[in-house]
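By letter and in written order, the chains are A, B, C and D; residue numbering begins at 1 in each of them.
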Amino acid sequence: MKKIAVFTSGGDAPGMNACVRAVVRTAIYNGVEVMGIIRGYKGMIEGDFVKLDSYSVSNIIQKGGTILKSARCDEFRSKEWRQVAYDKVMDAGIEGMVAIGGNGTFTGADLFLQDFNIPTIGCPGTIDNDLYGTDYTIGYDTAVNTALDAIDKIRDTADSHDRVFFVEVMGRDAGYIAIQCGIGGGAELVMVPENPDSFESVIDTLKNGRENKKTSAMVVVAEGEELGNANVIAQKAKEALPHMDIRVTNLGHIQRGGAPTALDRILASRMGMAAVEGLLAGRKSEMVGIINDQVAYTPFADAIHKKKPLNKELIKMVNILSI
Amino acid sequence: MKKIAVFTSGGDAPGMNACVRAVVRTAIYNGVEVMGIIRGYKGMIEGDFVKLDSYSVSNIIQKGGTILKSARCDEFRSKEWRQVAYDKVMDAGIEGMVAIGGNGTFTGADLFLQDFNIPTIGCPGTIDNDLYGTDYTIGYDTAVNTALDAIDKIRDTADSHDRVFFVEVMGRDAGYIAIQCGIGGGAELVMVPENPDSFESVIDTLKNGRENKKTSAMVVVAEGEELGNANVIAQKAKEALPHMDIRVTNLGHIQRGGAPTALDRILASRMGMAAVEGLLAGRKSEMVGIINDQVAYTPFADAIHKKKPLNKELIKMVNILSI
Amino acid sequence: MKKIAVFTSGGDAPGMNACVRAVVRTAIYNGVEVMGIIRGYKGMIEGDFVKLDSYSVSNIIQKGGTILKSARCDEFRSKEWRQVAYDKVMDAGIEGMVAIGGNGTFTGADLFLQDFNIPTIGCPGTIDNDLYGTDYTIGYDTAVNTALDAIDKIRDTADSHDRVFFVEVMGRDAGYIAIQCGIGGGAELVMVPENPDSFESVIDTLKNGRENKKTSAMVVVAEGEELGNANVIAQKAKEALPHMDIRVTNLGHIQRGGAPTALDRILASRMGMAAVEGLLAGRKSEMVGIINDQVAYTPFADAIHKKKPLNKELIKMVNILSI
Amino acid sequence: MKKIAVFTSGGDAPGMNACVRAVVRTAIYNGVEVMGIIRGYKGMIEGDFVKLDSYSVSNIIQKGGTILKSARCDEFRSKEWRQVAYDKVMDAGIEGMVAIGGNGTFTGADLFLQDFNIPTIGCPGTIDNDLYGTDYTIGYDTAVNTALDAIDKIRDTADSHDRVFFVEVMGRDAGYIAIQCGIGGGAELVMVPENPDSFESVIDTLKNGRENKKTSAMVVVAEGEELGNANVIAQKAKEALPHMDIRVTNLGHIQRGGAPTALDRILASRMGMAAVEGLLAGRKSEMVGIINDQVAYTPFADAIHKKKPLNKELIKMVNILSI
């Protein structure tokens, strides 16, 4: 393999740049040339490629976002457009690819491989941590710490005014971010899609807290919570508890940005390196993961379709530690 | 004067604790005893007072929120309840007060003084910076930096996805926070209540940016913007610019919390000290401010009713610096 | 078991408070009373105990340092003083203990147990991550991120002035902090005690970097590096490379403080909880750890004497990723 | 004026990039072309110029360091080399210059102007805040906040271990950084070159603190302190107070880096804009400053030679507020 490409796709995540850097430098170290594809599959169809040398990825390890940009690309679902992309890739002499992204990214890569048999290794880049085949995804630790810092700040004002705050965090269908920053933020309650919540238990928790000298409370609500979003739940809580001063904050897109944490930089660096080493060793259609601190490769089909379970012990912890 | 009280009231602001600390220690340094009133006027009516010694304010200079808590107190608007409060204050032997808060706080203090002639000095504690008689209010610099940090993070993801973000920041009727973090965040546009905006100019700015190679854009919207909140404006922008990927984030209550910046700690310390020194020198019914780096005292009536103008030069700057 | 004690000992680490909170609340949840021992073994000898209820550990999860304080206590090495401590512990009705600290802490606990058979479970609290029996120690992730943030800042000025920086980080005899923030900070070289370094290779790396368009460089030196401290190495480098502008920074005690990261808060919470559950289940003389995301108990003797190996793959990574 | 140049020189300071951005965009807005000179006077002699368009300064407002780099240049002290520089500047068609830096930078600019009458406006970029003619210099607020954050962290560990810390901060001959982060950090003592300190008063302060229930203490020492550096003073304190656990930390170069604060970004933007507007209005050989929130121009001779006094009231504050 003489030339490979790297691209980012799907929602951006802090650490993607650290991963790109590792891909580029590991390839160069192994005598392989690297092209960056701009805006993922969109750039692939448009032939928007740039040569990446060692210097072009210097001083990006600490940067949020992705220097290769990301974009939606519905066209890639059709075979015709994938053919266009393939032609561009062939014209550029690209023999293998590293795809950094989430579920949708790997689905695209898998289709592309089935069509044209071009070897691709995926790196899990998503703040949601919802991918099977790795303990952590790139960006997750940073997003958790960003959300936690926000919760610490909200706690200051909640305490000062004896308020109840419902804080909505990202995570799509997964409660990872919510459970981590719920425990880390000392939340009284964490509502995640993996665990059935009842509205009554929300009310009970808030009432009990008041009886136990707690004058303020924090409820972390995962984006995918089945009882509704934070606004909906808070509205019902206000009706049930008219004497409490209840507020809502949706942390929003700040969770996607910022300099990656140490964990994310190292995770991303290891994954980028392992992706290239995997490609050079003949692997394809697999996602790199780190499981129990060891590099592991998981077939795209499993990474996409298997469900990574949330540690239920953590939900129990919230109840015990917030008494 | 042998004994004074200090309390915080209105929305909490980072630096209030630094101010409380300065009040307590300056008083003790001058041989005056200090009581803390819990939850502002509410605690005054309830007689919820605690003695504060030097040690009780140690290690709080860096803490967000207010250890004295804050609360709404509609009762204080009626003379009957103010009489109750006055009796509690007299029972406790309190001869003067330092009130840390905003407009509503000083209005209450002014009424109280008119009723009972108890000397009170105010310290401007509000993130909104909307008080006449001081260049900066306590908490403003911290709120601006918190909002700016959030905007930096949002910029990461906006750039990665070529998106336009409308970011709503706090400030009530004043555009101070918006203009500062708009300039600091390199925003393409800042919409503040002090400056008439037209929806057309929003659209023009976004279109022009696209023509000038800008693939992403940031519009900072002040809470009090007369064209509507960020959601409303963004919705109209989406209709006018269907090809742009437009998103909205409301930064919310994170802007109220967090460790105060150096500027806020020093400002709050100077003001707390000057408040006590003012009381001891016989001042009353005035707000402490820092104007051109000098302590200044402004009558409550002026602080409450006069309007501090926003530097219009700063609005012009946004246009020039975002080309 | 009706009453237990908790204490912190050895160098403080961010997350110790989160651990104390988890111990207290898990005990109370299980109907067990908790005493806090102030200043570790010193306070044990002096009988400096305070009752801890659920409320006394509220709002400490995010605080650096340790509310129970820590201190050296050479007396505890002698049986006589341990007898004094034991009497105080018995007088207080304490039936089991949770010791949060490092090697020295557990050595003391082990001696104490051999003397008097009082059940003790340890929680690994040290920024150095040098304890066998757990993947992470409490405080390590925070220290790494603090050091990394400092390195990012130093990189700004190194780049601006084309300088070489030798940055010394903590870690005692272990290179964990150094290797993590070396990779995360994009260092050109990381010098750790686990890996024999030669002064020649330092010079070669710096020379090669210059030849590869790198105008600045960062060398992370672990506290325990066998070639000497950062000052010594930098001094020799200055002599060998007189044309380079070489500087030294020792990050020092900032690495011990600050709000713990999400990882440290959750780790500490899990460990505190597992320590109490272990005590209640009849365990003693063991250290709680988290290995592969599962709670694990390791005999003190192993935790103290066995050596946790540094992942040598990481050292290799530095060389590849900094080309 | 059709073409100007901008450069940074002397020690780098956070906010220099925000200033460069403002210079470039204000010039372009006014129809003037801009060249960036790389590495200050060194690059001027070497003719190392790059054209800067609006896009080339996008997304740098939040970056520490300087994209134009900085370097020492002893040659510029001789007329011969200044002649070389002048020829390069003429060849490039440069008619005016904006110099961002400190004392040495403006001295060079003044010499250059005397030789060749090329109009130059200076922007005060130094973390030391030691320039006459402006309330704040670019980078100062960021450096203070960085040092303060470090002091907060050190306070955590100082409190946990009942230690006394001597913390040395930057500032060259000026005590600005020290006094600000001393007050902001709640230091027991601040030692600055502007105020004569006696070793005896250091010892007294530490002893008195112990008597007043303070178990830990923080002494901030300015780089230019006349009693010696933090190590020297701490060593003497150890001898005089053998029962105290005394430690030293020198914050070092972290104070030069990092994303600039809001204040620094806005200050730098205003100054960069005013520098170009000044040049276009025919000004030369002056430094832009912001005094009482208004733009002010000060002749280089005054900026270089006049001394900006330290507000002595602040030193008094430390004593009162740390009781």
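As a working rule, a residue touches a chain if its C-beta (ideal position, glycine included) is under 8 Å from a C-beta of that chain, and two chains touch if they have at least 3 such contacts.
None of these values were measured; they are calculated from a predicted model.
Undergrad: Farthest chain from chain A, going by mean C-alpha coordinates, please.
TA: Farthest from chain A by mean C-alpha position: D.
Undergrad: In angstrom, rounded to a whole number, how far apart do the mean CA points of chain A and chain C lie?
TA: 28
Undergrad: Would you mind pulling out the distance in Å between where the CA atoms of chain A average out and where those of chain D do?
TA: Once rounded, the distance between the two centres reads 39 Å.
Undergrad: List the centre-to-centre spacing of chain C and chain D in whole Å, with centres computed as mean CA coordinates.
TA: A distance of 35 Å separates the two centres.
Undergrad: For chain A, give me the residues that contact two or more of the other chains.
TA: 152, 155, 159
Undergrad: Which chains touch, pair by pair?
TA: A-B, A-C, B-D, C-D
Undergrad: Considering only the defined contacts, which chain C positions touch chain A in the complex?
TA: 21-22, 25-26, 28-29, 54-55, 58-59, 61-62, 135, 141, 144-145, 148, 152, 155, 159, 180-181, 183-186, 212-214, 259, 261-263, 265-266, 269-270, 273, 292-293, 311, 314, 317, 320-323
Undergrad: Using the touch rule from the top, collect the residues of chain D that touch chain C in their complex.
TA: 8, 12, 14, 63-66, 69-71, 146, 150, 152-157, 159-162, 165, 247, 249-254, 256-258
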